[in-house]
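The two complexes that follow have subunit A in common; it is paired with subunit B in the first and with subunit C in the second.
Moving on, here comes the complex of A and B:
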């Protein structure tokens, strides 16, 4: 394992001002060549975890290992980790080439090697023509590339990316996402830890996703697995915005609002049905031929948002107070009117059960 | 013709109504003219007959050289001491850093001659150190000016350093730069505008410093402001004093212009 965190806990503040726990008992290991995304809302401890790996914050407890060596007490300068932060933090008084050369010069590499490596890095991120520019003369996306080139110039075995796309606008973000995927193929042996609050970035880039909440790790699993069968209600809704419906068990059958979900086996301690918005189909309230493996919920439409390629329709289920169901209706389907009675059709293969939130 | 003239008048009056606000410039200009410019012009006129005598005198040339020497040495001293203290206060976490920063601000409120006065108790012939002779040397003046003017360098530096993004220092460290390299290659270049501002302000103030030099009363340390005082008040050589005053003003304004150009250019480039 290239990166290993064991029981890492970070407290801020002191006895007088009260302590804030930013990270609690965090375990993580990232293999060479693997991309792990730390995904969570703000304040979930994901950035703190990254800072602990980089050495910018000192853990109150726990150990951090890089390539098998304990680096918990080493300063950042002696860890050899590439770091890219949200605002890029390029050195404003240095030209692009000198920014990229910073780490190489700090390591006192010979001049020829510095200029060769800087050239390679700028070429890799497509910024060769900008070597003589100052950071303030570059766009956000270009600064981002320089920051990545600067981090990779020191040939780190670990690259940490802290919300690298958060400061860019939507179109540029999509482009940069593609570039990061391409970059991944350029450096196949590096372990990457990618901190983000954006699930689409995590799904697009990560091999495994670690979902975090309230300074703790909630779930960690390969991205596809986490999406298909979320182990917890929080992961289900944070990753992919799943609908969560309370279920009851009656004579060995799982029921939602009185309707049987055929073929779904009840499991101990799992009292929420999880289904993605795009898996639900809306039908007019007519008697149906019950040949399909589906659950049918009767309700009405309370809101609809057009989103171009699809519409998100919000429905209330009859008999379930305070539970809204979000349904993605593709553009080629008719969107029911506000207040209309509808039947929500839940295909069983898209349903899974998750435990209810504790507390 | 009449119509054209009328038209022209209309245009002018409408413009004047629109731009009527510029009239507000007049009262402050008038105050400045009466209180500042007029007396200075009087000084300049008074000085005319004495230029040849004064500028040729060794006394004047020595004072000019001494003034610049003391001002430059003091400024360099302030920059070194001020940078050191600002770095320690900003980046070395120690309890009481805020108290120290507050003390620095308090120093700005004290009169400069107080430092000179207190020096006589430490360095004077009957002082604690019994360092006879030191007080009458120009170095005493430089030391006093460094003591008093260092806060003028520290204030803008502390502000600039608190604005440095922590992420930049973090990233520099992660790239393998030790504290010394981070200081030299990241912190100092980025706070250079503050260094230039503080340094030039100090240079300007030390060029014109009078209280400290007067209170230390060193015989070998005659600066231009001292010379103005001696000639004008003690020797009643009013035209002579005026000449030196004009030189002093030219020196200050010239330095101020350079300062404005340096800082203004920098500000424009940053935008």
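Moving on, here comes the complex of A and C:
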């Protein structure tokens, strides 16, 4: 079923406690079978958008539709949406199997059907052996699986996941990411909205990514497109930590710190050059043969962080005050000394232009 | 305060034992001793006897015990129901502050004043309760409601509202969310409120003494009356009965709560 949000606005608080606008003019449409990730920093309104769809908060303005039907005024119980909240919220007084059965019992399904479906669900998430346990006897990852099983037991046509992996450690998170990809294939017709502030989760799971900031939708596009050619400076740096360098236009050529970026066409209103840290190469400051389509920036190294598979080197560019360039140097390359003069080589095919921030 | 030296520790412990022993333990021991004393003329009681206890467990005095138990259960448990209801209704509403203040009024106001208020309010038509047991039950209810409300309201603050949200999203009606999720999750707080209310109600005098009719005399009031008439030993025996009953009740309610927490 398609989920549609039209101009949804949510305010919290009242005159006395002060009003916060948690969501402002939010438009989103998620088709059946599609996964859309809501990506944004803390407090950007991701959870609020999810709660509006689930019916936990009432929008101050705007409409929410499920499969074309207006559900804005329906209570959560009548929406048939599966929800997994940030801290899972497994009912602590109920055993795992009873947690999963909760929605089926609320719908007064016959006993036999309830136990059959609970069995299926627990099997799907690999928790068959844990049906008799209480939630507090489970690890974080196991609780998360049960929460998903409980949400899917009612056969929802929409599944909302609010940072389902945020409470897990790095290793488990990677494992669960794989499990979620598998799960997606098992429920091919469900529309999934996946809230996260972790870009790698969004890139791994989502068909489309909606980037949010300060209660608003900034950009929405297919994941690969958003990564390759970010439409805004915020998306560029939030999704993949891109470097943003101010450019000037001189006789139809784009220049960064005086160096020409060959082959890049200037565009109106776009005054920042966006390039990913892994696309930049560091070279010793020697005269190079100018056959490549590259821009060469001269500068020096101010910091280096070893990260195992690569090192992140921070450089300053001569002639550009207050701009740092982060470069990922693969482990098999030599990391220049601190303070050393270097040349940053920017391959043109990895460069794109984005508009500068307003305000 | 951290004390490291041996003598320092010893001094602290002795000081504590003296204060605790003198102020807390000694009165208890004296009451128990008096309950079993035939006479007490010297430093120590003499002529040990079970007569006082027998007296405390017969006739009017036994009736007092039964009255106290009934009052505690009716007043205390009703207070838990109303306090829980109030706390859940006020939670998250605009009137939460007002409700908080209203419910704490009976704690802030001396219980004698609460009793007097009830007496004045219910001594005349249209609601004439003076002279019935109900005025005592209501007095206890009013005093205990504050504790129940406070305990449940504090527990509500700690329960994440997303439990109820998730339950609703799974298709549960509001009544089902209440009975299957919200109340079970509050059960530990509710049962501890029940324990507290019953225990406090067993010992209540201030308001009771203002309102009780002759036919509904609680145990503490009896103890007061007996002491007033100079029958100190019987009063002490009754105090022992009151003490034992309250301890047993609190232990039972605590067991129930332990079970609720475990689930």
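Observations on the structure shown:
Note that in this section the second predicted complex is superposed on the first by the 358 of 359 C-alpha atoms of A that agree within 3 Å, B and C clash if a C-alpha of one lies under 4 Å from a C-alpha of the other, contacts with A are read in each partner's own complex, and residues count from 1 in each chain.
Just so we're on the same page, contacts are C-beta pairs under 8 Å (C-beta built on N, C-alpha and C of every residue); 3 or more make two chains touch, one makes a residue touch a chain.
For clarity, every value in this text was computed on a predicted model and none was experimentally measured.
Once both complexes are superposed on subunit A, the partners subunit B and subunit C clash. In the superposition on chain A, A:356 contacts neither subunit B nor subunit C.
In the superposition on chain A, contact is made by A:154 with both subunit B and subunit C. In the superposition on chain A, A:302 makes contact with neither subunit B nor subunit C.
In the superposed model, A:224 lies in contact with neither subunit B nor subunit C. Residues 51, 54-56, 75-77, 79-83, 85-87, 89, 91-93, 102-103, 106-107, 150-151, 154 of subunit A contact both subunit B in one complex and subunit C in the other. Interface of subunit A with subunit B (complex): residues 51, 54-56, 75-83, 85-87, 89, 91-94, 102-103, 106-107, 136, 150-151, 154. Every residue of subunit B that touches subunit A in the complex is listed here, in rising order: 165, 167-168, 170-178, 181, 185-186, 189-190, 192, 270.
Those residues of subunit A whose C-beta lies close enough to touch subunit C in the complex are 14, 51, 54-56, 75-77, 79-83, 85-87, 89, 91-93, 102-103, 106-107, 134, 150-151, 154.
Within the complex, the subunit C residues that touch subunit A are 94, 160, 162-163, 165-173, 176, 180-181, 184-185, 187, 263.
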